[in-house]
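Here subunit A shows up in two complexes: once beside subunit B, once beside subunit C.
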Partner chain A sequence: MIEAHNLSFTYAGSKRPAILDVNLGVDKGEFVVLTGPSGCGKTTFARCLNGLIPNFYQGELSGSITIMGTDISGHTTSELSRKVGFVFQNPENQLFSLSIERDVAFGPENLGLPKEETRRRVDWAMEITGISELREAAPYELSGGQQQRAAIAAVLAMKPEIMVLDEPTSFLDPLSASQILEAVADLREEANMTIVLIEHRLDLASKYASRIVVMDQGRVVLDGPPAKVYGEEAKLIGVGIPKISMLFNLLRQDGFDMGETPVSVEEATERLRSYLKDDRG
Partner chain B sequence: MIEVRGLCFAYDDVEVLHNIDLRISDGEFVAVMGENGAGKTTLIKHFNGLLKPSRGEVLIDGVSTRESTVANLSRVVGLVFQNPDHQLFSETVFEEVAFSLRNLGYPEETVRRRVRFILETLDLGGYAEESPLMLSGGERKRVALASVLVSEPKHIILDEPTIGQDYQQKERLRNFIVQMNSQGRTVVIVTHDVEFVVDCKPRVVLLSRGSILADGPYDSILSDRILVEKASLIPPQISILMSSLAGLGFNPKIIDLYQARSALEKRLCEYVSEHV
Partner chain C sequence: MSLNMFEGFKFKRKDTLLHRMDPRPKFLIALTIFLLSLIYVNVLVLLILLTVQVPLVYASKSMRRWFGSMRGGTILAAMIFFMNFLTGSTLVFSATMTLRFLVLVSAFSIFFMTTSPDDLGLALERIGLPYTLSFTFTTSVRLVPTIAIEAQTIVDAQRSRGLELDRGSVIERVRKYIPILIPLIVSAIRRSTELAEALESRGFGAVKHREPLATLRMKRSDWAAAITTTLVLVAGVYVQNTMPIPSFDTGIRIPLPWGP
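Right after this comes the complex of A and B.
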């Protein structure tokens, strides 16, 4: 779905490349969490996925990146947006209509879909993001969390094959955040959508991820399944892995190795239960 | 002292805060938590007089916010908004942060020293001459923080300070908040970030649908699963783990990573010695 080869980009006016020699292939149906310290290049990489780089942000691009076989150079952001849906950090940048329903319908209408199909998709997208009651509301009347749900619904309604989300849950309370992530994970299951999620907060996202990619100073430094990546403590300086994974890494350091680092509380609980129950048997 | 007495507040006809009573003593560290739309931001906007109560009153150091102005209150209450773009307007990061100090009439020498210090502390030293608009969301947020914190207000109110910050920046922020707090400044943070709160160990005020649901030490509140879920939060990971292991004799109130580590290691040691 996504193939990056030796991809580098330096913003105009900057001396340092924002990403450097990135090689990354993402297959259909993967759920990739892209993380790393601020300024590591993850947002820059995401901007290459929908053509904002090089179309909108100027600078020097080298190497190549193809999205479903299409090279991003020479294609406009609007062409790429049919393949790649993009949810930004700040929902205010994405909502502009007078009602939420209009915002969600904008994408499918633009794709030239029949009215009935547009309506179906709008209903579905608003349902799955939990904003069905807010149809008539104007974006400015909503809380930050509700706005982000609306922004996600607007992208969902286009049913892109790849969905890129740049810290989509940062304005949401944890319960709403996990509902959104669960909805995204469902999309992957049901529609075999490919997900690229940029996230600092790994505690909620980890259990859905099939793969964690850690970037630092423009390069990919770690890439693998969550359990494997979270076990590589030495290379994770500055990455906020889930507390539960930290706990198992600490225990391992102290000589209690209970296998792979768990990435969710459920997994950790099971591991400890089975380990300590033997104790009684 | 921040004192809230019987505060009700309505936007148009919709009441969003109902009869809030709250006392925050000088030097306290409080986290206001609760679901999206619970009224957290509305509450703290009363602390520097941006909003005035529909009923009841808010007293800052004994003076009702009705009898003061935002300009005057802002000298003692520094409020950093959730969205930094609502408060950034200067051409460079340095000018932005220097603005309030210059306004307060500090000599240029002092202004430079203090601005440099706060920029270094918040890892913005390299951006002094850049335009705030060129920075990332997380960086702009820190510029907004710097521009309020530089004048060292007595009461510091931060709306969602950890949004968009990576782990390292959060640690930096936490150290800085703790440092300001240990100098005797009151710190109030509004946040959803349960794990950050566990690391900060403040008093927690839980707000839900415009009313105070609970108020107490962070560990007793955040380990109370029912309360936490009522406020659309998720309990800290360590707390969920330890309460699920309560059947094996672990203390379900443990919420801290290092306490969990000692409790587990103690048990694991017993296990090893029994099986050798």
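Right after this comes the complex of A and C.
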């Protein structure tokens, strides 16, 4: 689906590369959570995926990206928008109209789709993201969580195969954040999408992830299923792994090995229950 | 000039006759009022042009905000009055010029308060403006209130750090606006970069011909409004050219040493 090969980028006017020799392959239907300390190059990598780098940001780019079998160099962001949807951090600056419905229609209209098809896609996208009731509302009348749902619906209506979300929850309260992440997880199920989610709130995001990629100083330093990645404490400096995973890591150091590191409270409860049972029995 | 003045030009969704009207005849109404105020240099006619707008404002349930924009306009209106009167124009003529300005502010305040920028964009496309231009225009219209709010936030923030905007000589005061302007410009640049990125990511400009989901349709009432307005405009021009209208000018003016 996505194949990044030796990807490096240095912003114009900057001495240090923002990303360095990134190699990453993502298969169809994966839910990848990309994380790492602030400034490690997550956004930069995401910008490469839909052509914002090098079309929008000047700098030194090397390496290659293949999306669904085609090398994307030389393609503009709007061309790539059919394949790669991009949801940004700030919902306020990605909604352009004064009604949510028109905003969701904006993408399909730009693709030159006939009106009936646009209509179908708008209804479908608003349904999946749970904002069908907000059709006529203006963005500024909505809560941050609703705005971000609208932004996701707007990208969804373009039916990309891949959805990249750059910290979509960072302007939201914890409840709205977990609802948004759940909506994203639903997309993967219902629309069979491949998800790349950049996220700091691993407490909330981990249970949906099929894979965690940790970056540091422009490089990928860890990559694997959540349970495996969260077990590698030493390399996770500056990454806020879920508290529950941390607890189990600490217990393991004290000699209580309960197997794989859990990523959610439910999983941990299960692990603990069976451990205690074994212990007694 | 306070930020309330922007309120009187900002669209607010409501369900009234004027809000439902197609932007094209609505614009024609605003334009007709303005044109009539230009061709008649007559205090009575201008008073009438201002008064006929009051029921329109009332019908569009926007009285309070209309007053806001009129009050915002009074400072400029006062300037226009004194600039005329103090340079030797008659009292009535100066009042006429002032009224003309208020008529203009009022007519376009009503238009913008009742017209969604989205519909305005569609209308502009209909009359042949390229999509990119009409989009730019509507986005700017939409951003004005957002940036106004941001400006207010910055002013408040700088005030709370001890910036005194209304003290000192003129030059000092101008200089004091620098800490307001710089953050405002920086944030506007950031906002426009983010908007542009998001636009590209949504396929803006991917194909030449786009088929909008929402379209404008002239209803029967819209045609009626358009025709009536045209007739009023034609009649107005005709009357102005053929009939003498008393000017009500009393000839009062400030005696200037170099004569009238």
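Here are some notes:
The rule we apply is simple: the second predicted complex is superposed on the first by the 277 of 281 C-alpha atoms of A that agree within 3 Å, B and C clash if a C-alpha of one lies under 4 Å from a C-alpha of the other, contacts with A are read in each partner's own complex, and residues count from 1 in each chain.
Quick note on the criterion: a contact is a pair of C-beta atoms (placed from the backbone, for glycine too) under 8 Å apart; a residue touches a chain by one contact, two chains touch by 3 or more.
Here the structure is a predicted model, which is why all the values come from computation and not from measurement.
When both complexes are overlaid on chain A, the residue A:99 reaches subunit C alone and has no touch with subunit B.
Contact with subunit B, but none with subunit C, is seen for A:247 once the two complexes are overlaid on the shared chain. By the touch criterion stated above, A:38 is placed in contact with subunit B alone, subunit C being left untouched. Of the two partner chains placed by superposition, subunit B and subunit C are both touched by A:90.
Of the two partner chains placed by the overlay, neither subunit B nor subunit C lies in contact with A:1.
In the overlay built on the shared chain, the residue A:145 is in contact with subunit B alone; subunit C does not reach it.
Judged by the touch definition given at the top, the superposed model places A:174 against subunit B, while subunit C stays out of reach.
By the touch criterion defined above, A:67 lies against neither subunit B nor subunit C after alignment on the C-alpha atoms of chain A.
Residues 90, 92 of subunit A lie in contact with subunit B in one complex and with subunit C in the other. Across the complex, subunit A meets subunit B through its residues 36-39, 43, 89-90, 92, 143-146, 167, 170-178, 200-201, 203-204, 237-240, 242-244, 246-247, 250-251, 254, 256, 265, 268-269, 272-273, 275-279. If you check the complex, the residues on subunit C that touch subunit A are 11, 13, 116-118, 135, 139, 142, 146, 191, 194-214.
Subunit B meets subunit A in the complex at residues 34-37, 82-83, 136-139, 160, 163-170, 192-195, 198, 229, 231-234, 236-238, 240-241, 244-245, 248, 257, 260-261, 264-265, 267-268, 270-271, 274-275. Contact residues of subunit A toward subunit C in the complex are 50, 52, 55-56, 76-79, 81-82, 85-86, 88, 90, 92-94, 96-99, 101-102, 105-115, 118-119, 122, 136, 138, 154-155, 158.
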